[in-house]
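Think of it as A, B, C, D and E in the order they're written, each chain with its own count starting at 1.
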Amino acid sequence: AAEKINIASLAFVSSAPLFIAQEKGYFADEDLDAEITFFQAAQPVAVAIASNDADFGVTAFTGGFFNLAAKGGLRVIGAQLHEDAGYDGSAILASNAAFEAGLTSVDQLPGHSIAISQVGSSFHYMVGNIADKAGFEIDSIEMKPLQSVPNMIGALKSGQVDSMIIVPHIAKPLAASGAGHIIGWVKDYVPYQVGGLFTSQRNIDERRDVVAKFVRAYQKGVADYRAALLMTDEAGKLIESDSTAEILEIVHKYVYAEEDAKTAYPKIRNGAMFITEEARLNVADVAAQVKWYQAGGFVDASVDPASFIDTSFIPALAE
Amino acid sequence: MGSGGFVCDFKVMDFAMRLHINGICHSYDQVEALRDIEFGIEPGEIVALIGPSGCGKSTLLSIIGGLLKPTSGKVLMCDQATPDGCLNPLTYVFQDFALLPWRTVAGNISLVLEDHPLGKAEREARIAEVLAQTNLADFAGAYPKQLSGGMKQRVGIARALAVRPAVLLMDEPLSALDAQTRILLLDEFAALFVRTGMTAVYVTHNLNEAVRLAHRVVALRRRPGTIKAIHSIDIPIDQRVEGMPELVAHQNALWDLIRDEAIAADKELDHVA
Amino acid sequence: MGSGGFVCDFKVMDFAMRLHINGICHSYDQVEALRDIEFGIEPGEIVALIGPSGCGKSTLLSIIGGLLKPTSGKVLMCDQATPDGCLNPLTYVFQDFALLPWRTVAGNISLVLEDHPLGKAEREARIAEVLAQTNLADFAGAYPKQLSGGMKQRVGIARALAVRPAVLLMDEPLSALDAQTRILLLDEFAALFVRTGMTAVYVTHNLNEAVRLAHRVVALRRRPGTIKAIHSIDIPIDQRVEGMPELVAHQNALWDLIRDEAIAADKELDHVA
Amino acid sequence: MSRDIEAGASRVRFRATGFNPRANPLAAWGSFVVVIALWQLGSSTGFISELAMPSPVAVASALWKLIISGDLWRHLSASLQRLFGGWIIGTVAGLAVGFLVGMFSWARSPGVAMVSALFPIPKIALLPLFIIWFGIGEPSKFATIAFGVFFPTVINTFGGVDNVARNLIRMGQSFDMPMMSIVRKIILPGALPTILSGFRISSSIAIILLIAAEMIGAQYGIGAFILAAGNLYQTDQLIAGVVVLSLLGLCVSWLLGRLDRWLLAWR
Amino acid sequence: MSRDIEAGASRVRFRATGFNPRANPLAAWGSFVVVIALWQLGSSTGFISELAMPSPVAVASALWKLIISGDLWRHLSASLQRLFGGWIIGTVAGLAVGFLVGMFSWARSPGVAMVSALFPIPKIALLPLFIIWFGIGEPSKFATIAFGVFFPTVINTFGGVDNVARNLIRMGQSFDMPMMSIVRKIILPGALPTILSGFRISSSIAIILLIAAEMIGAQYGIGAFILAAGNLYQTDQLIAGVVVLSLLGLCVSWLLGRLDRWLLAWR
């Protein structure tokens, strides 16, 4: 009989390879009976694996994730999204008021406020990473933790915060509608491994073959994703491929499902960030992230990235 | 001496009287509490109101003092004859003392003087005077919680005296006290009435109190409360002593008058406290 | 008749006595409530305990019935002489009635029988019997809230009688009632004691109750509570009537005995309720 | 009257006015109608922006959509299970501990100390721990509600036991009633009114905690619905959800009222 | 004793045992010590995983770090301002409305109806509305706390006014005291004990709501600190924050106790 597996996921484009693998039968091909459980936020996905409520998950790296991974027996075995210079990733937005007052580029951020979802979230890290690379102190920016993305958008629109960092499919329409101004891209401050594919130590120890099967199916999904959504022409512009329509239809079943295709497809395409080939993980960047979080006191000093990264299923991304 | 005869009496003297209870009827929602109560109270007279539980004694006393609007009828009072310096002609003494626990003995008396245009000196003089009259001078600074029930009621009396009332309205002033304190205070009340020649309406369940203090005893009957009889006691109050055969006779007569009603009140089901 | 003489008396008769209060002392933390209380209670005798507020009457009654452990001394009781079918030799009647509001009159009586090995029929027979004795038969199904104070205390008596007690211990059983109901119940108590020949210890503040009901009156003094005097009243209870000169004399004698202490108790500051 | 005054007598003045505010059910309902009408008026005239406060009509229509789409029942049944399960667990545990604390010296001081130390902790702060302890499924939702219900139930129960009139217990002892009979026939019914009034408190706490409980990965449930609406700034749905919660609270309090009347008929 | 029995007499048996649990401060403190010791033992032996529950030592060290880094004061001062400001606003408004409802028939039924309808609404559900109404700055934090404090204060205040012994008011009226004197000298001091005990409730509600209030755009504050620790699964810091909140609650209740003793010395 097919082996049962439970996958924890968010209804985001970032999880598209999972949906593709499920819909195109790649899991079934590997004799896996996969069930996808959806969560409202990234954190519970990690908890679900730690508590053995689910077997596999894909989600963004956060301070909380690293703490949980170190204490809770999570093993990162592959990559989720990745910021790549060649593809649009998260954008840095300035509010209209701040833009008019002179916040027109990233190096003017000091002295301004920026909305983040939570302390120690990936937004927080991105601000820190940008500050590092742009050469200013992170303390010179006022963090506004607002708990949720809608709160961040609302605060930016009403000018209650000066800036924020946000995924492309939200950033572009916002800028287009005149609700804010894009003043920079996170991809200009790479490398940045946004998230990972992970499972529990117990699964690796007790069901190594199942993990390997899952990884194969996931990689097939990634390949389809890349072929359909990341194809570019010589100028680096995204183009449609043969499979684009088919994959969009599959992803639409899970993402923006309540909207019709006409409005949903552009959003899906906008949200389709880069994923590395074979879902290879940038191990060095993960280590750098952990270090940054540790420096800020968001991750316990005892956490060692090597202890929760397992590259035996998918080789690490070469430098 | 029935109420009929009495009604005749006062019709003649009419407004020479201090207080005139004139055709009072009162109903609470469904319950008819009082019907056609009519009697007069002479200056310097102590009238006791007796009757079984729930016959409307408290209701009547509230109406007399203006704390309850009767359904019909009125209470009339002769104004000219209030004593010198009287601030509140109809003044109550309460069964539960009604002292403010957050004020001292002196403060509780001061309370009822503060809203009148008295100088500080006069107010303090009045307080000192009534404290002396009630033997409370040593307790001026005590709080009610420190006092025994008897002392609390003495404060209630002192407070009432401080406004120099024309008529004292007392609703079972001794029934919250233990039997021994009651004896002590009963003697003090008698002495007070004799000394001041105060007018008073005194509600009680206790026939012994009634015959010790009252010139006339008004007995009410129940449902609706009407006057059953008005009983005069001719012995001067200062000559009455506990256990005196004449008083015992009066007391037995009153008991015969209300005994059946008391039994009925006691046996009643769905008692309303 | 002082306590000394009495102590002599019972030393001679010793264990022929039903109840023997033997050198009882009791202190609450700092307060010494009772010191060296020593007297005996004969079968069929009604003993009244009187004394000013706070002299330790309730404390002593609790000790007699085993509800309070004395600091020293003991209460002895002659076992053989309990009545037939007695389930609880020392049985209390409470000032505040202590009825369960969620049980009917019959249920409240049943309560104290349910834990004894009586058949259902016998239990119901006992309930019916005591209800009849206290004229409560018509009220068996009523809840306490529906009853007047007097009726509630009759239920308290019925409940006590249901266990066929050897001795009734009554702590101011009438003091929560109004004066008229008190007169009614006082007569019923007297009749009950005469009819049943019950032994009882009766705590009261009310000297009138004491002289109407008691064969002997034990007067306590305050702080610490010691026996001031034991006063015998020789008139048979069924021959006593309200206002009888002999009784008035006894009452006045008792009042003279405790009057000063009552005044002191009343005047005391920082009164403990 | 004039004749009376001529004769030097005047009517005794009535002086016990005021200080007796009366309940008036009509005014209560009327005030609702007036507030809702004013609110609708403000919305219709644009005085209240739709974002700041959706109009009553918008809320009603959101509620209506919720009903006809059948979503309401899905949310409600999920929430009711959690409420009921969590409440039962918390209440049973609270009653047990409350009776121990109320009756035994050995349990009294430690119990009271623990409860007073833990009761004031905001449950929402403990959500991350609950997730770790009980996972992200139903158990942690039950636990959140049960935890919130437990402490007030303990406090109420031992308060109820403490408040059983001492004289009734003394009465039982004076009649030599065995300990178990006293507990069963005197303490239990005597503490019942307090315990039942504690149920009102604990049930409203349970309803308030529903939102916190459904913060943890709940797809369905009134709390989850409200949270989602809040995240999306769909204020009409948010208020519709709040209205559903309020109605739920009213139903529960009505049910408890019936229970009261049934169990406490003797009062 | 044996002699007594021989003579057919026996000592009256003492039968009022039990049912009188006594407080024992030693046992209360002792129970804390025992629980913490067991907890530490469990953590040290690995029986309790560090993720599920940090050891007392870890919590203490987190607390210590918080103190020496000076962060505690930054968080605490931010939170205290919010607590104090929000509580004052909610209390003043609540007292005003409570007195109106307590004393005037026209305010009674509408006031009670509105309060009973709005009180049970979970404040956390309204956060999105508060953000729209008051922004993400301090005003919405004050508003959240003030809103939470307002309703219980109204209920307590009018309950207090209702509970002023009617006989005292009647007494005032019987002495012809003017309305304002009765309010000032009888109703106000008479309602004070209830109002003060309401302060205990409202202050603990304020502390509980601190977390909700600091969910939105607070960089500093104990609530924000606890939320961040929860997000980061730094359970030692989370518990340290909860301990700080508990101590804050203890301080407030001690202060209120002093206020009580000072204002209610007559009791």
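By definition in this document, a residue touches a chain if its C-beta (ideal position, glycine included) is under 8 Å from a C-beta of that chain, and two chains touch if they have at least 3 such contacts.
All of these numbers come straight from a predicted model, not from anything done at the bench.
Separation of chain A from chain B in touch steps, taking the shortest path, is 2.
By the document's definition of touch, common neighbours of chain C and chain D comprise B, E. Among the inter-chain contacts, the highest number of C-beta pairs connects D-E.
Within the list C-D, C-E or B-D, B-E finds its counterpart interface, over half of the contact pairs alike by residue number, in C-D.
Work out the mean CA point of chain A and of chain C, and you get 85 Å between them.
Separating the CA-averaged centres of chain B and chain D is a span of 48 Å.
Each chain gets one centre point, the mean of its Cα atoms, and the points for chain A and chain E are 42 Å apart. Counting only residues that touch two or more partner chains, chain A has 50, 72, 151, 154. Looking at chain C, one finds that residues 65, 67, 90, 145 touch two or more other chains. Listed for chain D are residues 15-16, 132, 170, 173-174, 176, 227, 231, 233, each touching two or more other chains. Every pair of chains meeting the contact definition is listed here: A-D, A-E, B-C, B-D, B-E, C-D, C-E, D-E.
Those residues of chain D that touch chain C in the shared complex are 165, 167-168, 170-171, 173-178, 181, 185-186, 189-190, 264, 266-267. For chain E in complex with chain C, the residues that touch the partner chain are 4, 7-16. Taken together, the chain B residues at the contact with chain C in this complex read 52-53, 139, 142, 145-148, 150-151, 175, 178-181, 183-184, 204-209, 242-243, 245, 248, 251-252, 255, 258, 262-263, 265-271. Contact residues of chain A toward chain D in the complex are 38-41, 44, 47-48, 50-53, 72, 148-151, 154. Residues 15-32, 35, 51-53, 101-110, 112-114, 117, 120-122, 124-129, 132-133, 169-170, 173-174, 176, 179, 182, 187, 204, 207-208, 210-212, 226-227, 229-231, 233, 235, 238, 241-242, 245-246, 249 of chain D touch chain E in their complex.
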